[in-house]
Structures are given as structure tokens and as C-alpha cells.
């Protein structure tokens, strides 16, 4: 099963081992014509409980490995399942079409919505084309253009966030990614349509926030959302990028942490082992979550939507006065 | 006199000849101690009437030579005389600061205004830096940014147009000068502050129109304003760029033509021989014209200003309806 | 040249030896770019396809019988190269049968500047296109969705915009505002602004762009479709201002024409310069749609916007 | 090194032989970029200037006595290189004598995530800067014009933005909205968002940017002044959103730090990368203003906007 879903992660190896043993036992039993149902059944139960044990007790770092799994579904994979009649719209009307940021119009059930997200590649070639899903400023500006278009026509906006962070490149600086991210945040605050954000994998700092100002913010079970990537934090904090595990603990970037801190409104569950084990089931869960949180927003007036979103972000932060 | 003001134009040579003769006569009279006041006086009168005759009967093509004279004052020259406390503001907040388009805030008498215009170079080095006053898309976008800034703060906008046309270059196409010009026109139509446009020299097609959507449009005596440059038109019409004179006649691009066709509201007079003969006097005339046309606009509401500008451009064109 | 491989399917030729077809000099037209352009500019030299001829594809050199080409919506059956089509063909392609009600059909041009030879040019274009002026406007049903539709015909002085084109486009937008329906403009104007009307043609850029500002304020959808070629003052006004901008494949889209740029900079233009794909990659076109899919795509986009914008929606 | 030419004017040294100055190892600090950066990044290694020392200029190697440097507003008298100054110095530079009324002076940070060593870092910064947190906010008179002013101090954990900085900036904007006065923010934050507060520091970017949207809707002027360094989450939020954006000369301004870019792309960064001039040329800064002219320029800009915007003006 795991074999069809790309590489096996280190912590999954015991499960794979056990599955191999079961398979060997089956072959042996068949070849030798020795009935071993009972033994196999015991092992299968053991495998199941091992699976549960491992996957239910993932460390934050293991979750990060899962959301970076090469077979994890990407933006367009999800769009194909969650939405219908998607028409992709390209370009920032200014400089370039950025393939690392994708957006367009589609139906969510029968509601036209604008859907936007970072697009990682599904193989090496696509990853190069899509800059590993790391947008340049024109990507953020395309997203903003499509959000303004949605705003003009009263269309809800769904943002699926999956980006390790902003892109550390010369051109991204030359074309002002700082300005682009800031502008997006500011203008998203002015949108008078419902905005639902779902962090599907990695929610890395400004690159995530640039399409992250939602009335509701949801998060996949294994996703992370942080001011800095775990590796970046470890480099600064421990001068050792490999100590990402400790950094993750310190930063509190996993879904349960963020739910507890009211940064996200709901955690969307993934199949055992992660989204790539069953993209269809994953997308169904996402769709259910999006609709659940979008539906009450559809009843609000533009003014209420603005105020609702403003209030959400106005309250964040803790401090002592006098 | 003409010598201090750069090269002498072909049609000005008879005047210069006569002035030389007068000077020679003076020297001769002084050296030989022969009184020749009367002869000199006659020649001086002749020179004056020759000047008047030549400059008052300029062909459209001669006027074009005057507005392209290397010593003709440029945007920043005029700004320095007409306005006070000018602070230049740079950049399109997007890609680049285009030195071919300059803008900022200044006082017109005691009114803060935003002033914008194409900036030609005043020598070869500056001309290269400023791309001969030919903006790239980022120049139009900078102008638009400054217009939106003015609009936000209720500040009147003064545009001084001087551009031979849009820039025929690869980068200008790559960055979408068609889109940039279109966007400017559309958004200028939505400005709720007074906009006064003055074509100071060349008003070449889209490059001029991109900052040309004014409530009032004024024009210097020797300026031209056209859908296509005279040379471009001649190339197409007569397959011979040197027939620009005929093209100019056919296109009707000089100030009196355009006043008659209601494209411009007033012609700002230049000193005899052109603006470069006396930049101070020229700028004074410009200032008087700008204030004259801006003053009544200051009394209009934003809605009235929008409607006024809209009506101006809505009416242009002639056709027959059954 | 191995002709039999190139001609795949034709009516007149059935049962006829291929060589018979070429007893006289074949009358296909070549649409290759002239030698002036080292960079490939596939569409600049495109010509209308005359009747009764064999047509050689500019891109793949496929030779196709004109009726087959027409059946295939004037798209090369081999390489999908999109030839130009005229406004009436476009109308048939997009609008429901019986679903078009023309507006301002008789608006006529005046030689406002007394520009030399303008009347002759107009007459010639009128004869060639069987149109009175360069744009057809009207109420149009597209899969039963009411729209205000305008289609520019390249055959009419290069699809350029003079007073009549500018006025009719403006009225098409005003109709959309009044009836709260979407506006669709199909642009295919080579020269952009029409030089023969001088400053008045420049003013049409202002007129058409500013009415789109009103349209936008009114919350109406505006789809701009760029066909071959969309240049100059057309691109620098209404054509660039769509809420959604669609390009047909193989269209030349730009502001300054490639000839002028080439002459000015004296450099070879990059391959694919100013093509639809170029504009998509540079962020100025939302999507490229094959001619056969254009009606379906327009329909879907219209459906997405059926409830209208904030202003006239709810 | 010809020291006499470098030291132009000093108090302690008058009448003293130059060589006497160097009997012991001179205590000037060098502020050269470390060897890591082949591309010249003049400002990244800038340090605060301690008292009682001679200071060597990073750019021209001029050595200046600290008091003379202070008299010259911490600008190198030889090459005009701008050294960093702290928030209180900035306050003195800009605000009329007696014209400052601090707000939220006692707002304190909570270690919201229990982040390791954060309390120590805070204490150290508090001791070094004599500030409670990294930004001073308040009502300020600038040549008698009332403003809401916020100044970030680089010395406080690199001028980074945690909950207190975000909240105080937000309140400064709210004050401007309420009193219909302009907002000025002087940014000089190295790290941008403050990692030690995790996701809450990221949320400050949202909080500060969205209030500027309200400020803009209210028609208030917002001037953003970028000083050395303005990076990361500070640049990617309020610092980039000024109606007018001023940079001091020689500031490092960018999103991703040069070290990280260098390590990622493994290329030499171009000369002048992420300097004030770089940002001006790329269109993100309106103007570069010398420190000595900053108050006058701010005053002129404020005067231009005295009547306020459309909303609160007339």
C-alpha cells in the first residue's frame, strides 16, 4: 500500500516491516499449504495497532515529514476533487504569470468561488517550473488581482495555503516581495466577501500570510503554520538546522497548538498516515470543513464580513498593561 | 541672442544673418568713427519685422522643430519656475522608478498639487538616463500611483505632457505598456479631484494620453498633439518619413487646429521664437493658464468633477446616424 | 514538397489525381512572414482566406482545401494554427441561432479631417467586408445568456478604431450598464487607433476606456477576447481592461508593432514575441482558449457571474 | 594609514600629539562587513556606537571621535555614512522640544509560548536600551504639527515585532484615526517578526497592516520612514504601506536577509543589493532623505496634507 504512495518515511518502517512479514507468511502458507490464518490474523491486528500507535502519536517533526511527502496532494489535486468546472486565470496584469501561485473560478457545490493557492510540483520537472511552490512577488500580486475580481463580483474566496516560506532570491527582492506581502495583507483586510483559508500543508511565514487573512482559518491535521520555518528557527536558536524538532516544540506550530491558541478554527482530519494515503478522503474532509465554515459567512453583509475579519486579527497578541 | 540658446534652426537663419550684418555695421561705424545710427536703425527695424514675419507664420513642421529644440525647457525646468517646494516622489511600488516620468507634490501659489510629466534629458547623458523622456510601463504606473495618492488626499493634479510617443522597445512590451496606458486612462476617468493637462511640447499618441485625461486640456503655442507622430504617419501614408510636413497638415495636430476642434481649451502663448528664448516668461504664461483653468474646478464637488471629465471625452467623434 | 501527405481530406479532389490539381499554378496563398523578420512572428502576415482556394498553413505548411478549413473553424487540422476569421463568422460561432439583435447598424463614418483618400479606403473596406463600419454590436444570446456583444472585423481598415467604432463600443458598454448584462468585446484590430481620423481616433481610446470604468462601477462583467491581431490603441484601451481577458491561440498582441520595434532597436526580436503565449506568460492574459472551445468557455464564465456584481447583485 | 588626515576635529585630542592617542590599543570599533559577504552590504554589520570611543567609518574608514559623530547626528563627517541611532535620539531629532506625550509607555511583554531564554533576552534589551519594549509611541509635535508617532529601536531584540510592538503600533494608528492626525512610523527592525512569540508575532503583521487599511479609509496620511535595517516581517507589513515612504541613506532594506539569500542561491549578491538606493531604483521608496533634513522634509510633507484627505477634509 505505502509502496504506491512514494517513499516510506523513517518512522513508518516498522509498519512496512510487519506488512512484509505478513505477506511472507501468506506466501509461505499458500506454497506449503499450511493453514496459518490465526497467526496471520494476530499479526494483522498487531500491524493495525502499530499503525494506530505510530500515526496517532506523531511528533511534530514527523508531521512535517508527512506534509513534505513527495506524494502529498498539491493545490490542483485538491481543486480537482473539491471543486467543479475550475477555470484557471493567469497573470498579475503587470509583469508575469507565476506558476507557483495558481488561482481561478470554480463551483463549490453550486456556489461560484474564487480559489487560490500555492502550487508545488508533482515531480522534479514541475517543481522546477513551479519553483517548488515558492511564489515570486508577481504570484502574490496575481492572487490579489483574483481576490479583487472576486470581491467585485461578490464571490467567496477560498485560499489553500501550502508554502514553506517566502522565496530567498535576488529577483524576489528586486521586485519587492516585502511590499507584495504587505499589500496583500492590507487589501485582504478590505475584502467584503467571505474568505476561508485552509492551511493544507506548510504555512510558512509571510508566504502563507499573504493569502492567509481569512474570516475563518482551518488547518489540516498534519500541517504546520509558523512565523519561521522549523529549520530556520533551529539555525537561529541552536545554530543547528537539524534541531528542527526542538524548534518546532518551542514555536508551537502544529495544528493542536494553534487550535488551542485560537489561531485556527478547526482541524481537518487526514487519513491514517497522511493525506497522500487517500487523497479522495482527504479532499472530502476538506470540502466538508470549508462548506461548514463558509455557510454561516454567506449570510453576513459585506460590512459584517469586514468587521468579522478585522476583529479576528485585531485581538491577536498577549501583553500586560501597567 | 540665439547663440546662447543652442543650435539655430534652419528657418531662423535669415534673422541671424541680419543680426550679424547689424553687428558688423556697428563695429565698422565705431572703428571708422562714422556715424551710421540711421542705417543701423533701419536694419534693426527690418530684423524685427523679419522676426515677426517668420515666427508668426511658422509652418506646423517648423513648430515641431521648435518643440524639439535641444534647449527647450523640460518638465523639471518648468516645475522649478511654476511651483514651489517641489518634493519628487519616486517609484511605482512594483518594479522600478522610471526616470522618464517624474512626479511629486508642490505648491501652486498656496495650493498643494500633484504635478506629473515626462522628463526629457537636458544633455546627452541625461537623455540616455531618461530614455529621451520615453516612459516604460513602470513610468505610467508611477504616474498612476501618484494620481491615486493625490485623489486620496483631495489634491488637484497637473500633468505636463511632453513625449514623442510610446517607447518602441522589447522591455516595454514585455511589461505591458498597452495595459499600462489603458489602465491609466480608465483610472484617470475615476479621479475625483481636478485634473489640468498642459501639452508643453510633444503630445504623442498613447504616451501622451496616459497622463492626458484632464478636466481641462491646454496646449503650448508650438506644441503638437496627435494619434501618431508626424514621421510615423508619413511613413505609413507616403512611405516616406521625410514627408512629415504633409502628414502634419493631414493630421491637423497643431494648437490652432486642436483648439478649433475643441480638443484643447486654450493655447498658452510662447515668446517669439519659442519657449527656449525665454523660459521664465513661458513658465509665467503656463502658470497663468493653469491657475485660470484650475480655479473654477476647485469649486466643483467630486461628483461634478467626475461628470465634467466624463462628458468631455464622451462627446469626441463624428458620425452619421440614419 | 510531398503534396499527397499534406492534403488529407478534400471534396473537389476525391477521385482526382493529385497531380491534376496542379496542372495550373496552385492558387493557395502563403502566409509566411516576410524575410524582414528573423524572429518568428507567425501571425503578422496572416491574411484572410479567399474562397475557392487551397490554403497553406503558415506554421506547419499543411495545405488544406478552404471548405475543410472552414468546417474546422479556420483552424489548421494538422497543427491547430488559428487563421483569422471575420466578424460575421465570429458571430455565427458564438451566438445562439437567432439570438442576435444588432444595434447602431447604420452608423456611418464622416471624414472629419478631410484626410486624403479616406473615403476610398472606407468604400473598399465596405465592399470587402460587406459591413458599414469595423465593428458589429448588439444584444446577443450565448447559450441563452443575454449579453452585450461587440465584434471588430480586421478586414475593415485593419479593424482600427475611428469615431464609429469608438462610439459603437461605448454604446455597447452603456447598453450593458443599462440592462445589467455582461459586455463581451472581441478585438482584432491591427493598427489600433485609426490614423485617418487623427486626434479623434486617439480620443476614442479615452472614450471607450472611461465607459468601462462606469461599467466596472456598475458591477457588470466585461470579458475581452483578443484575436489576431490586437495592437496599438486597441490594446492600449478597452482590450486590456477586461475583468477576464481571453486570447485566441496564435494571435499577435502588443502595443508597438514588431516592424517598428525591429527598426528602432535593430535587434532580432525574441522567438514568440507578442504572441498570445507571450502575453499569458507576462501576465496580461487570463487564459488562451481554442476557437472550438470559445463559446463553451465564455458560457462558463458568464454562468459564474450570473448573479452579477456587488452593485447590481445582492 | 595617515591618521592626522582622518581625524579632523575632536575635543579630547586638541593640543595632544596624535601618536599619544594610540599609546594603548585604540578602542575604535570597526563596522566592516564580515568576510562572508563578497558583495558589499555596508549596513548589515552596523553597530550601535558606544560612548567614549573613536569610531571608524565602515565606508570611508574615517575615524571620528564619538562626540563629534554625535554632534553630526551620527553621520560620518567625511562621507555622510549614516550610523544607526536609537529611538530616543530619533525622538530628539524629530520632535519639538517638549512636544512629545508618550502613550502605552508601560505595556509589557508576556512570554506567551514559554519560549526558551526569551525573558533573559527581554531583560538584556531593557537594560541596554532603557526601554520597556522595542517601540516608543505617542502624540508628537513636529514643527507644531500634531502627529501620531512611533519609533522602533533596533537595540531591542533587533527592533523585532512581538505582541507589544504590534499592539502599540496598532494603537498609534487608531490614535491617528481618532484624532484625524497623520501617522508616522520610523521602522528599524532587523529580524522583522519576533520569533520568540511564534505565530503571534506573525499575526502582528496582519494586525498592523489591517489597521492601516482603516487609516487609509479614514483619509489620514501615513508616512513610513525606513531606517537601518528594515527587514522581514516589518518590511512585509506596516513599513511598506506608507502613502509616502522615506528611507535614510545607507539602510539595509529587504525581506529576506542577505545571508540567507547568499546561502540559498550560492551566488555573490550584486553590489548595493537591498540598500536604500536599491529600493529607490526598484520603485519601493519615494525618496531618500539625509538625517539632517528629515525633520524639514517630514514637515513639508505634513504641510502638504494639512487639510487631510477626502474623508476628513472638505
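Read from first to last, the chains carry the letters A, B, C and D; within each, the first residue is number 1.
Note that in this section a residue touches a chain if its C-beta (ideal position, glycine included) is under 8 Å from a C-beta of that chain, and two chains touch if they have at least 3 such contacts.
From a predicted model like this one, the values you see are computed outputs, not experimental measurements.
**Student:** So, comparing C-alpha centroids, which chain is the farthest one from chain A?
**Tutor:** Relative to chain A, the chain whose C-alpha centre sits farthest away is B.
**Student:** Centre to centre, by mean C-alpha position, how many angstrom separate chain A and chain D?
**Tutor:** 36
**Student:** Quick check: how many Å separate the C-alpha centres of chain A and chain B?
**Tutor:** 55
**Student:** Roughly how many whole angstrom separate the Cα centroids of chain A and chain C?
**Tutor:** 42
**Student:** Can you pull out the residues of chain C that are in contact with at least two other chains?
**Tutor:** Within chain C, the residues that touch at least two other chains are 216, 282-284.
**Student:** Hey, what residues on chain A touch two or more of the other chains?
**Tutor:** Counting only residues that touch two or more other chains, chain A contributes 93-95, 175-176, 179.
**Student:** Chains as vertices, touching pairs as edges: which of line, ring, star, complete or other describes this one?
**Tutor:** Here the contact pattern is something else, fitting no line, ring, star or complete shape.
**Student:** Using the contact rule from the top, write out all pairs of chains that touch.
**Tutor:** Contact pairs between chains: A-B, A-C, A-D, B-C, B-D.
**Student:** What residues on chain A touch chain B, complex-wise?
**Tutor:** 93-95, 141, 175-176, 179
**Student:** Help me check something: in the complex, which residues belonging to chain A touch chain C?
**Tutor:** 85, 87-97, 105, 112, 138, 142, 149, 151-155, 192, 302
**Student:** Within the complex, which stretch of chain C touches chain A?
**Tutor:** These residues of chain C touch chain A: 216, 219, 221, 243-244, 280-287, 297, 300-301, 303-305, 307-310, 313-314.
**Student:** Can you name the residues of chain D that touch chain A in the complex?
**Tutor:** 104, 106-110, 112-113, 115-116, 162-164, 166-167, 170, 193, 195, 197-207, 209-214, 216-217, 232-233, 235-241, 254-256, 260-261, 264-265, 267, 269-270, 273-274, 282-284
**Student:** In their shared complex, at which residues does chain A touch chain D?
**Tutor:** 166-170, 172-179, 181-183, 185-187, 189-190, 205-206, 209, 212-213, 225-228, 232-233, 236-237, 250-253, 258, 261, 263, 309-310, 313-314, 316-322
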